[in-house]
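First subunit A sits with subunit B, and in the next complex the same chain sits with subunit C.
Showing the complex of A and B:
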């Protein structure tokens, strides 16, 4: 299945803004993070189709996955 | 120094149709707390003071250092040389910019113990902090008391901001349900562009002006991120509450109750903060006691003590920042050795 991954803020650095990626059915968000070498402890929030999603949620064909880091400096 | 009339100062702002005479009067009648007056806090405080927000309370626990001056626009070299508290230096500069605004400085760490007295009498809370522990505390308090607040952060070339309107938008615990776990990038480790700070601080300030002038309906209901280096901007929806949100749905205010608050925290890239909540310290007495043991400077707001590779900054409320180590044990030992355990 194809999913559309959109990264935000510091997660874009050295990666991409948006990318379509292939995964087998049943893939969870945490697997995508692992492939992108994003440490789960840095995650602020994840969205599937612009709705909050926990990292153990399964993705579906055509899912739009958004991943936002915690940004803390000030 | 002559005080300029408000008509002169605000004439161009009043001409802007979104503000007008009525909006300007509402700003004059407003009370805003700014928690943290470093980079983003400086920008926000400067813009709100110049815009004529009638009362500003600046809350900050730190002191001006040379590495602040690149981006913390309210401070100068003299402030850094004298390690003036940021809240004090900011109030002085803001009052000089606009004497029509009452600026109150609070050299304090926002804690569950003082949050009520520092924030309850303000109609809006602005986030100028650099840490999530304080932001979660603000969030708990703001949701519990139904006070809007605006989250603002910056790192590298990126700024992030979000309006939290209790009952109308997501809260911080909806968006970021889990406290940071492990090391996070900070401005000290990752670097920071002053333009990123200025840009996102300006965005947050304009949202504040909308709220204070009664244009709440125009406020952004998204989490906004801007990158001033790679010319990038994105927004995520932030209207919906998370169904099981600890804070705004279940109303479990764990940060407000203090159960999540550590006494000891890593602070920056090479410092440990120890906060003894019940301890008060006579700095003049301590200065005399420490003089035989190393170099000591005291300005009435804080005492700084150098001992070998370590630097201790000690505050009257018992808080100490031990610079030169990330080892909590070493920090505790220094604290115990020089302040008593």
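Showing the complex of A and C:
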């Protein structure tokens, strides 16, 4: 299945801003992170289709996955 | 050594008073709100003789504790008609504290038509007629005062917008680079303008280090506290690199970035106005990605943003301003937004109220969507010059909505709603509705927990847990605003109880007292209740704790979200 991955802030360094990637059905967010060599402890928030998602969540065909390190403002 | 400095503009007198025992344990917001509640009749006209302007450094301001240099100002707001506390960085708070001044109360109205400046030094204060600076922009005026007094003097200054008593006007404070920070919200510039005070200059000569009751404990607590700030990923790294503008992409990804005057939750401009783009521009153009608004800030969320030629464009370039012009008013070009930000700082305009107003003005057809060039022209030639159109626009978001018959007017208690849509981030909607300040994200920043995963997670799209979340954060914020600490210390505090303990240890060591966590919560509750009561006495009711109707009628993409809290549900906020 095709997943549209968007990375933000420091996660872009040495990787990409946006990429469509291919994964077998049932793939979880944590697997994508492993492939991208992003340590789970660095994650601030992940979004599937613009909704907050825990890292054990399964992705679906055409999902948009947004991944942020721990950032904040106000 | 602590004293209250009372300046009366009616008879041009200056008095030094002892600090009443009842006020001794307060600083910052707790003190300004206490004094406003005690001395300002809630039904008075905010620009009339009975309103006061109260400045107070926080409980820890003036000490070497990291990030403790914020200044609070309190008054009755001419924008909301309720109580207002607004705090800002800059160098003044620390100097005021080190001169032993616990609060500065300015009252009365001058009988004549003259503008004046107030000079504060170790011996007290004097009021002098001012002519040279009248009508001058803030940046130039600060330079004149630097030459007149000294570069190290603190300066609290009123821009041309405040001279014209516009409801969008702010009070600005000089930062370590002679640039500006602002007491932005609530139109307090108009109050200072009504008293015809162009500036307050504070001479640091003779300023003394703060007395610390238990220096050994203070030092240990201070080191622990600083470590927490530096080790937390948000306060230690994130804010330093991307500033607050990192939130553009975060809120866009969460579908909570109000766009095109709050008609959708995502903007096509997000990438071009994002913190990532800002950071890349700063590096390319040799600006400064991190910068502190006062000495002792270790978080350094501020920055210096240059144009393509490497020339200074603006600093303290915040997410809320960039969102309001970039997403909500559709301006694609970050440099144009930076220019507008600089002009707003120079004129002394609240960059949230003014920028949100532009979204409503665009909806009204006053200018085209996304027209940054016209925004800059209007700022300079209409608002800056006080033309009839400038006066209407300078009266703020709510007034412009009324003047042009617009129904989609994002305000609560007539103050513009900032950068987080309450339909898709429901906790912040409770904060907007209930805070005594009028719509204000900083009053109880639920974004931390709704969106950023700080202090746990409460689903932003559901109603469950939002009222408790907002209440707890508003209580904590009222307490933090009383310490003189920058609110961004809340990121590590929310994630680690030991960080909060270090903060309490600092206060205890400074004053030789034994506050507990419960006492701090008690302080926050007291502040909120005092402010709420002032508003009730000013004529507000629970019906003022509501969001504008359009949030209940128009669904927001991409989540198809709607504001669905009932009035009675919102009213439970005050059950504490």
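Assume the second predicted complex is superposed on the first by the 70 of 74 C-alpha atoms of A that agree within 3 Å, B and C clash if a C-alpha of one lies under 4 Å from a C-alpha of the other, contacts with A are read in each partner's own complex, and residues count from 1 in each chain.
Here, a contact is a pair of C-beta atoms (placed from the backbone, for glycine too) under 8 Å apart; a residue touches a chain by one contact, two chains touch by 3 or more.
Nothing here was measured: the structure is a model prediction, and the numbers come from that model.
A.B. asks: Which partner chains sit in contact with A:44 here, subunit B, subunit C, both or neither? Use first/second/both/neither.
C.D. replies: In the superposition, A:44 touches subunit B and subunit C alike.
A.B. asks: Figure out whether A:12 sits in contact with subunit B (first) or subunit C (second), or with both, or with neither.
C.D. replies: Both partners, subunit B and subunit C.
A.B. asks: When the two structures are overlaid on chain A, which partner does A:52 contact: first (subunit B), second (subunit C), both, or neither?
C.D. replies: both
A.B. asks: So in the superposed three-chain picture, is A:70 touching just subunit B, just subunit C, both, or none of them (first/second/both/neither)?
C.D. replies: both
A.B. asks: Could you look at A:60 and tell me whether it touches subunit B, subunit C, both or neither (first, second, both, neither)?
C.D. replies: In the superposition, A:60 touches no partner, neither subunit B nor subunit C.
A.B. asks: Which parts of subunit A are touched by subunit B and by subunit C alike?
C.D. replies: Overlap of subunit B and subunit C footprints on subunit A: residues 6, 8-10, 12, 17, 42, 44-45, 47, 50-52, 66, 68, 70-74.
A.B. asks: Taking the touch rule as given, give the residues of subunit A at its contact with subunit B in the complex, in rising order.
C.D. replies: Going by the criterion above, the answer is residues 6, 8-10, 12-13, 17, 39, 41-42, 44-45, 47, 50-52, 66, 68, 70-74.
A.B. asks: Quick one: in the complex, what on subunit A touches subunit C?
C.D. replies: Touching subunit C: residues 6, 8-10, 12, 17, 42, 44-45, 47, 49-52, 66, 68-74 of subunit A.
A.B. asks: Going by the contact rule at the top, pick out the subunit B residues touching subunit A in the complex.
C.D. replies: 36, 38-41, 127-132, 135, 152-156, 158, 160, 174-177, 180-182, 184-187, 190, 192, 223, 225, 227, 230, 232, 234, 236-237, 240, 242-243
A.B. asks: Give every residue of subunit C touching subunit A within the complex, in rising order.
C.D. replies: 233-235, 238-239, 241-247, 249-250, 253-255, 266, 271, 275-276, 301, 319, 441-442, 445, 447-448, 451-454, 457, 459-461, 487-488, 491, 558-559
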